[in-house]
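Listed next: structures, encoded as structure tokens.
One chain, subunit A, appears in both complexes that follow, with subunit B as partner in the first and subunit C in the second.
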Partner chain A sequence: MRLTAQAGRVKRGRDRLAAVAALTGPAYLWLALTVFLPLSAMFYFSFLSDVPFGKRVAELTLENYAAFFQESFYRTLMLRSFRLGAEVTFYCFLFGFPCAYVLAKTIKGRWREALFLLIILPFWSNALVRVFSWTMVLRGNGVLETFVNWLVPGVGSLNLMFTYPAIVLGLVHSYIPYMILTCYLSLEAIDDSLIEAARSLGARRHAVLWRLVLPLSFPGILAGAILIFVPVVGSFMEPRILGGRAGTFIGTIIEDQFTAVFNWPLGAALSFLMLGFVLLILLFVAPLARRAA
Partner chain B sequence: MTRRPRGLVRIGRLYMAGVLLFLYVPIFVMAAMSFNASRLYRLPIDWSVTWYVALAGNEKLIDAALNSVWVALVTTVLATVLGTAAALAFFRYSFPGKRVMQLLLFPPIAIPWLIIGTAMLVFFFWIGVGRGLHAIVLGHVALALPYVVVVVSARLRSFDPNLEDAARSLGATPWQATRRVTLPSIAPGLVAAGLFAFAVSFDQFVISYFLSAPGVTTLPVEIYTAIRKGFTPEINAASTIVIAVSMTLLMVVARFYRFGGER
Partner chain C sequence: MVGLTHLRRAALGFGLLAAATLGVVLGPNQARAVEIRVLNWQGYGTDEPWALEAFKKQTGIDVVHDYFNSEQEMLTKLRTNPGAYDVVLINSSYTAQAADEGLIQPIDTSDMKNVGDLSPSMRNSENLVIGGKTYGVAWLWGVTSFAVNTDKIKPLPDSIQALWDPKHAGRVGWRDDAVEAVQMAAIATGQNINDPKDLDAIREKLRALKPQIRTFWSSEDEWNQFFSAGEFDMATYWSGSASRSKTHFGLPVAFVIPKEGAIGWLDGLSIAAGAPHPDAAKKFIDYMIDPAFYVPWDTNVGAPASANAKANAQLPADAFNRAVLGDPATVARLQFMGPLSDSLREKMLQIWQETKTYMLQ
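So, the complex of A and B:
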């Protein structure tokens, strides 16, 4: 009797595992084939002297990584990409946080819902098209120049298109909804009565902001910063469209290795170096996050 | 209740309006320019639908648009089915490795697309899958899957598992219980997840860019190629249609699924 009960439990356990495998198997097999195996393959390629296709002979080498440390060109570009990531993240916070605060604390009901939707709508729509739309605004004789010259006659040409500021502008436009979204979620969770209590105990407005609101919404700010920083460091389409000749970054160099120069091993090595540096920065940030939580 | 001075609130609202202008003005400018007859985007706008007529006769862009829709539809079906199955497993069972499996959903979203896209290119080339629409579908499903799992899981949280048990004790097989009880009651979540998957695929540029074979590609890639080669307002017209489609889709999603905000 006891034996059959045990056998039944074992069988039920096995059934459950079979059900789990049947339900999750296809999805994870797909992810393995299209994300995890490709990443491993690319990691392997980054140590090869040539692509192992056809009759080509590929040897194991560290040359691709060595190239990065020997040529100051790649280091300069890597730094430039990280600076771009930092700047875009900073501007997104500077302009996005107040917006999230207004939305979370001063607007209520259906209006808030509608505005919230309006802010995240562009971020789910086509990124390429939104970057392209800036070329219409920034180009010489474009909408912005015409408007500025109408406002202040005699300003003349602004020459914004194909510059570094144009790239920053386009990227902030692309990514600011992330920051507003994450800040909004954490600001919304702060109890209003906490702010009122601080105020009624005599805290000044900026003290409430610095000692209460900012620390409590830090997890949201951090989440937004990571969501923005990581893809901006790896961006290539935005610099190409808005930056022209000023738009050379590590992302565009990596893209070139795969689509123009066909030096896949070097492109792979540069990709993993970029990923490695990003992870290093996230490791530095992790303790901050833990303290905030 | 302490009331803040009205002035500050008003400045806040004005600021909010400014941010919305920043987000939307470029899109409206682009759309307006697609109705400008001037090839050089001269102002003031000379209203016409010339470029939409030209677009209708541009076979490359039409083909690319059809490819985009086709890829997005296939992606939607595959990602919704696979993702819903995985979400059901996470909801029903606790098993060793569950946390790890849930964490594994994040790399496809968190790693820059440039790296994922090039890795797919390298791997697909290596194992003989090659480039083309089939490779693009493979990639898009992987990107859409995590979103489907998250959206369906969120919906399942409000589903009472006792309903499934009740169906089972009344003699339904596990499959019948799932199909007749669970799936209908999470239907809004499934619709939202499917629309999400469609939007992810329809708007995807980076992955499609690396995986498309010469001559056969999706609309965003075709638009990008045109932008880099020197474009005409026809591209504005195509872009305007793309953004109108994805914004409409997301409005529909919002009806089925509340993004984070409470009512």
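So, the complex of A and C:
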């Protein structure tokens, strides 16, 4: 009796393992083929002295990594990229969180679906098209300048195009849906009766927000922040188009190594250094997330 | 790309087989149209639709295009897609490198009817004819310098120092390209553009651009947009593009070849190693250097100067390429771009990236 039960447990365990393998296997195989393999190739490149194509000879070296620490402008640009990542994430939170709160707690039914559609709609258009449409809004004699001058005559040139704020604006617009969606999910999960209970026990509105809503929705905020911060640090398309001469970041420098001088090894080394710093930051943030959860 | 080629070959093979069978059944077999692939900058002559139509009528050859946005991208495409391209446009300062890497093949020009009309100095340029073999057929040449908005800047400057003039602070556009930036600064500091000795002077000169530059540009299309939106009043530019901006887009553009000199460049057409249709490629190159293509191209669209002396002489007398670039005194002021070593090129990129970082602070 006990033996069969044990055998059944083992069999069930084996079945479960097989089911897990069958269900997750294809996804992992796909990830291994499309993410892990190319990334490993790039990691290998980052230790080479030259790109091993055609007649070029390459040998193993650490020089590409050393270059980052020898030239101070790489550090300056890396810091600048992290600052951009932090600022864009902050503004996404500042504007995205209230929006998510209203969606999750105030609006119900059809209206909610309609508003969701409006938030997701930009995702259906190409990112490049969206950035180029910003250039039409921001540039001299553009939509925004014409509108402001119509509203308040004599304001003159706004000079927004090719500035740091223009890059932040474009990136916040591109990435804010991530923040709204992740915050919405965790805000939605907060039981309304908790808020009612807090209110009935005399908590003021801002106390409810600070001590109840924000802590409970922290996992969503954090997920959104990571989803935004990581790609923004490495962004190059938006800075190049909207930033003009203010658009030099570590991402654009890496792009130059690949497209302008065919120095893939240095480009790869800079990418992996950036990845390393991002992982360090995430490692630092992880305990916060665990405490919040 | 390689996979695609195989797929296409397989599809073609199958198609041929089917066509042959049909031919046997239906009677005389129709000649299949040859298709060549050209790698070039977008909008740079080889993809003019009227020209491709005329070429197809003459030879029955179809032409399809792939584009690049930088010389390095072009080299990368050749390296990673062998056998995918027939004709490729290569700036003569890169031809030696491409030949050395085995990316292009020598061309026997004896049966190309227009090659004899090319200016001898360009046809036999040491950057195109390597070890006695022609690796690139001289096609177009021009000048990299700067252009100004004639509505806003009067009188026309005659010195490259105008780009550094505090009067134009914040009104200058500059191409985001390391080699071009360093070579412009080399001319402004009186140095050899292919072998600058005093890189520190160049670095200082580039840093001095900080208050001047409004924005960087990277393509002709972008230049025209920025110019017409009034983002800049003067900017580094290419002679051929300047004449196009003026004739085609009606912009108030004047191209300046300063007294200190300017960067001269020569573009050649080469045949990729392992090109599927080398003979059709030669026919296409011969058509590209033909006055029958060049004269209407420059007149109706705007182009750099032709390496074909006969073609330049057929332009209207007031055409920029004949009136300005046809002047020997102007040509004598140019420094033509030669091959650069990898280490100098990387040094140039480093100086430029450092300068761009400095401009942010």
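Just so we're on the same page, the second predicted complex is superposed on the first by the 258 of 293 C-alpha atoms of A that agree within 3 Å, B and C clash if a C-alpha of one lies under 4 Å from a C-alpha of the other, contacts with A are read in each partner's own complex, and residues count from 1 in each chain.
Throughout what follows, a residue touches a chain if its C-beta (ideal position, glycine included) is under 8 Å from a C-beta of that chain, and two chains touch if they have at least 3 such contacts.
Please read all numbers here as calculations on a predicted model, not as lab measurements.
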item: Touching partner for A:168 - first (subunit B), second (subunit C), both, neither; value: neither
item: Touching partner for A:84 - first (subunit B), second (subunit C), both, neither; value: neither
item: Partner chain in contact with A:222 - subunit B first, subunit C second, else both or neither; value: neither
item: First, second, both or neither for A:73, with subunit B first and subunit C second; value: second
item: Which superposed partner A:242 touches (first subunit B, second subunit C, both, neither); value: neither
item: Which partner, subunit B or subunit C, touches more subunit A residues; value: B
item: Subunit B versus subunit C as contact partner of A:140, first or second or both or neither; value: second
item: First, second, both or neither for A:262, with subunit B first and subunit C second; value: second
item: Subunit C-contacting residues of subunit A that also contact subunit B; value: 53, 139, 141-142, 240, 259
item: Residues on subunit C engaged by subunit A in the complex (per definition of touch); value: 69-70, 72-73, 75-76, 79-80, 100-103, 174, 177-178, 213-216, 218, 229-231, 345-346, 349-350, 353-354, 356-361
item: Subunit A residues within the subunit B interface of the complex; value: 16-17, 19-20, 22-24, 26-28, 30-31, 33-39, 41-42, 45, 52-53, 95-96, 98-99, 101-103, 106-107, 112-113, 115-122, 124-130, 132-137, 139, 141-143, 146, 173, 176-177, 180-181, 184-185, 188, 196, 199-200, 230-231, 233-237, 240-241, 251, 254-255, 258-259, 264, 267-268, 271, 274-275
item: Parts of subunit A lying in touch with subunit C, wherever the complex brings them together; value: 53-56, 71, 73, 76-77, 80, 139-142, 161-162, 240, 244-248, 253, 256, 259-263
item: Complex contact set, residues of subunit B against subunit A; value: 1-2, 4, 9, 12-13, 15-16, 19-20, 22-27, 29-30, 33, 41-43, 82-83, 85-86, 88-90, 92-93, 95, 101, 104-105, 107-108, 110-116, 118-126, 138-139, 141-142, 145, 149, 174, 199, 202-203, 205-206, 209-210, 220, 223-224, 227-228, 235-236, 239, 242-243, 246-247, 250-251, 254, 259-263
